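Next up: some structures, all given as structure tokens.
Shared between the two complexes below is chain A, which has chain B as its partner in the first and chain C in the second.
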Partner chain A sequence: MSAVRAPAAEPPVQAAPAPSKPPKPFDRPRFLPIFTGAFFVFMFAPIVIVALFSFNSSKSLQRFEGFSLEWYRRFFEDESLRESLVASIQIATVTMLAATALGTMLAFALVRARSRWAGSANILMLVPLVTPEIVAAVSALVLFTQIGWQLSLETVMVAHITFSISYVTVVVRARLAALNPEVEQAALDLGATRWGTLRLVTLPELWPAIVAAALLTFALSFDDFVLSFFTTGESPQPLPVRIYSAIRFGVTPTINAIGTMMLTVSALLILLAIMLPRLLGRRESGLGVLVGRETA
Partner chain B sequence: MNEAGEAIRFDHVTKRFGNMAAVADLDISIRQGEFFSLLGPSGCGKTTTLRMVAGFEQPSEGSIFLEGEPVERVPPYHRNVNTVFQSYALFEHLDVTANVAFGLKRRKVDSGEIRERVKEALELVQLTGRERSKPRELSGGQKQRVALARALVNRPAVLLLDEPLGALDLKLRKQMQVELKGIQREVGITFLYVTHDQEEALAMSDRIAVMDRGEVRQCGTPEEVYERPEGPFVAGFIGISNLLPATVENGGVKLPAGQRFPAPVPSECSDGSDVYLSVRPEKIWLDEREDGMVSVDGTIVERVYVGTTTQVIVELSPGVRLVALEQNAARQRSDDRWEIGQRVTLGWHPEHALVLR
Partner chain C sequence: MSEQRFATTLLLPGGLWLLLLFAVPLGLVLAASLGSTDDLGNTVYGWHPENYRQAFDPLFLPVLLRSVGFAFATVALCLLIGYPVAYYIARYGGRWKHMLIALVVLPFFVNYLVRTYAWVALLADEGLVNGAITNLGIRDTGITFLNTSFAVVGGLVYGYLAFMILPIYAAIDRMDQALVEAGKDLYGTPWNTFRHVTWPATFQGVLAGCVLVFLPSVGDFISAQLLGGPSTYMIGNLIQQQFLGADNWPFGAALTAILMAFLSIWMVLYLRSAARASREAAL
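Take a look at the complex of A and B:
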């Protein structure tokens, strides 16, 4: 082929691309705020309605006819409901204290023990978090019946504590693993005994995580239904179980009042989780630990 | 057993982790009031040595004596030493005052004296005015000062410092070196200082132990380890390394490419043995001579301007290079004179060269 070659082209000067559209910066899709808004509406609208109708002066669940505290009064006049509320608070308090103590100790063992079983223990510890609660509940029931332990508030507490330990451990372990070992060595170096180091340095450093874990277990235990239902005795029953038996005979606005109060208590707990570390002069909040933010 | 004025003695101390000896047969003695540095690359055993003195590790063999007393059975909280940690390890939940007072409180010193000593310590490290700050509100340099005050306030027999300036930027590090040395002179406490920064060790120490793979390669004053390194490791680790492989011949040395010149060959090196020739860069003259100098020709291959000096890298034969340092004095700018590719003659006095086995 003897095609005449075109004269060698000038070194191609890169033509600047036509100044059509400037490159589009990454836009947040418009529908995201709508999604988020819808999420909040679906989540909170029923709760708001329950709270609203708890102040309804009539028994209607459709029409709001006027403000009254009638249903709250009825709740506090109903002795068995009141006993259930007290029982639930007792269960949640005992669960919180015991599970926090045990879970924190377990976290220490998992992070600090240089055992060849540590790896397996770390995984086993997570099992309660993924076990269907119904399975845990039935197992607990079978166990209590087999060993002849009369079902009562104590059996509910034991079941709740067992179930809650893992939650505490997960929260505290993360904080403990992030703790600089030199900080504890510094305390030993400065003359603190091992016990003194734990008391004066390690626990204060873990404090936000421990507070967060405690409040979390209180909330979990307070509104738990499945475990409570299977492990409780005749009377008094934990509040969620008591509510369940009540609505079998029809939903009354008293239920709305109870729901609103439980919601208020939970909200107060969250507020406490935020405020407590600050009141103690710490910038971190327990809530920050839960949502994965170190400083609030 | 105790020599007068001995702060720490390592008596044939070995520390093994599994099969690996992190510290092997350490046998040195540190005088009271001395600023003693353990210098070496990471993993050389210097931090392990420090941790054995603090009580966080136990020697596998041998003993450590603190002021003449063996300390094997003494837990960290009863040892009369304090540590300044690399990470500062401040107590985040306590303010500056409480951090500094921590050690005194554990010793049940009465509160009036604690207040007085904490105040003094904070003055010493120039942190007056930050008493109520939390560690998170302080800069790196200030945290460093708190860590120092927290240890010094206890007036330990020995202060252990584990790369205390490692996390600071260069300028602050230089400034803290001077301050730290001044503080040591003022309080008169023995400092055992761990660093991998040779310049830092040279600038601050009374004596340096150069460590490599668990062993002390040389122990001496900064001048000794710099001017008379015992072996290629020390010569290479301290200062810019100018190590040329060479062979002993007729009381002098021969380079691989055949250049021969006189050098102070130690008597135990016989003809034909393989050695290293070491010449410090600042002892090499470029294209200038004095009587009695040896001279070698080469080609400039690189020129690195570093402010006060210029490093000129000269290739004597393929792969054999020497670094020469030229002062950038007012009368000349060496980058005007030295061009890459230019032929030059290097010269040095034979007594400034070292022959190392």
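Take a look at the complex of A and C:
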């Protein structure tokens, strides 16, 4: 993860080769930019089209017949869909708060602790990252049923928190490992307590990573379908579960509208997470903080 | 309080949470996979290994094999698409590098369900692509895209491509550019330089990307559910059916255990390299 973060500090490498030597084909294969361009079209075209057709005045998915907010109006007039939206926001908020607190503590412990327990906890923390969601979802469902916990919004929250802790830990730990422990030692030497040092010295240094992790957790929870699908009660169901049921009845412009709203929320959160360190005047890129999670 | 005791105190809340709500439930699934159902469909714990035998009988074996096949096809396609893109961004992205990688990550944060749905809207019989085909007179009738293996694998590739690109990008970015120069100075052809220098130097990233794509692909059920049909179902669809439809939880749990056992080889490989990386980062 450090390798992904490292380039942020360096000045950008100039792509242009030395002017005296014209580039050989291998220096800059011509198909690469075209290929990369095609790749971006492939990635963004479906999303753009969904967003575009959510403003279509007719029900058609083949022809854009005029601009209208009809499908958004329908969404907000549907009381049960509104309840689902509120439920999703509640779940994401609780998940964000709980997972960020638990994950940050765990990150701190894993960086500082040298005990046997820390090694096992490290494995326990990494496994959820590589576990297919359906396995986690099935386990949660079996657990809730076994202990007789009625499926509801709370069970969805617990499942989301369990799955989100690791993401927070990985993101925060990357930042924590880069800190100089001697600064903490200095605070302790000056008579600060452990908690005081954590609160006054370490946490302020960690804020960008913690906030980025919190935003990421909110986005993941708000978007999550598989865990929610297995652990939700009857009503209200989280928004992605409603989208899934609706899709199975066929493609409708209302789903385009919900999808567009959801992707706007996610995109804003992620952009915020990327921009945040810069807004706070830090030098490191928030993207590195986020990308760290992929290469954990 | 000593530093070690303090660190262990902070370890407890998160560690216990993961232990009780992640590790213990996995054990429960294993226990349930050996159970049977009573007349009401409730799980009764016991010793019934025939759940596992059932998973490999001719009715279900093709589904297991299909899952593995689709996942390997997804990994191969993601590598073919992802490597050149990562290479281009890392080598020639210049000052746009970070911006381009952000663009790779961005669609990944759009709800997977919505992204898959977007392809349904595009490829449906009366969707946009078929509308264009018939309106432009390329063909009189549209093409059936959905319900095919191609659509399901395509959905998986679209869903998990970012997992392939990021580690490869990191590996190419980290690699010393001078190595390629050296290869050229030694009269290596572009292909030989790539094969003997760039590829080995970035192989760890390729491996990480392959594992990160493979794991979620094998367990996926949304792509096969929305873009495919019963003829393209994967193990995830079977598991989902057992738990949320057919109410045969022990069989569903056995399928889940088989999935986990199969994936654990890859997971251990990946976790070991991740643990090594985090140790190196901590030093």
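Operating definition for what follows: the second predicted complex is superposed on the first by the 244 of 296 C-alpha atoms of A that agree within 3 Å, B and C clash if a C-alpha of one lies under 4 Å from a C-alpha of the other, contacts with A are read in each partner's own complex, and residues count from 1 in each chain.
One rule holds for everything that comes next: a residue touches a chain if its C-beta (ideal position, glycine included) is under 8 Å from a C-beta of that chain, and two chains touch if they have at least 3 such contacts.
Because the structure is a prediction, the values reported are computed rather than measured.
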| item | value |
| --- | --- |
| First (chain B), second (chain C), both or neither touched by A:142 | second |
| Of chain C and chain B, partner touching more chain A residues | C |
| Partner chain(s) touched by A:49 [first = chain B, second = chain C, both, neither] | second |
| Touched partner set for A:191, first chain B, second chain C, both or neither | first |
| Chain B versus chain C as contact partner of A:177, first or second or both or neither | second |
| First (chain B), second (chain C), both or neither touched by A:247 | second |
| Set intersection of chain A contacts, chain C complex versus chain B complex | 193 |
| Chain A-touching residues of chain B, taken from the complex the two chains share | 54-56, 75-78, 81-83, 85-87, 89-93, 102-103, 106-107, 134, 136, 150-151, 154 |
| Contact footprint of chain C on chain A as seen in their complex | 1-4, 6-8, 12-16, 24-26, 28-29, 31-33, 35-36, 39-40, 42-44, 46-47, 49-50, 53, 61-63, 101-103, 105-106, 108-115, 117-118, 121-128, 130-136, 138-143, 145-146, 158, 161-162, 165-166, 169, 173-174, 177, 193-194, 219, 223, 225-226, 229-230, 240, 243-244, 247, 251, 255-256, 258-259, 262-263, 266-267, 269-270, 274, 285, 287, 290-291, 294-296 |
| Chain C residues touching chain A - in the complex, by the definition given at the top | 1, 3-4, 6-11, 13-15, 17-19, 21-26, 28-29, 32, 43, 81, 84-85, 87-89, 91-95, 97-98, 100-107, 109-115, 117-122, 124, 126-128, 131-132, 135, 158, 161-163, 166-167, 170-171, 173-174, 184, 190, 193, 208, 211-212, 215-216, 218-222, 226, 236, 239-240, 243-244, 249, 252-253, 256, 259-260, 263, 266-267, 270-271, 274-275, 277-278, 280-282 |
| Footprint of chain B on chain A - complex, ascending | 180, 182-183, 185-193, 196, 200-201, 204-205, 207, 282-283 |
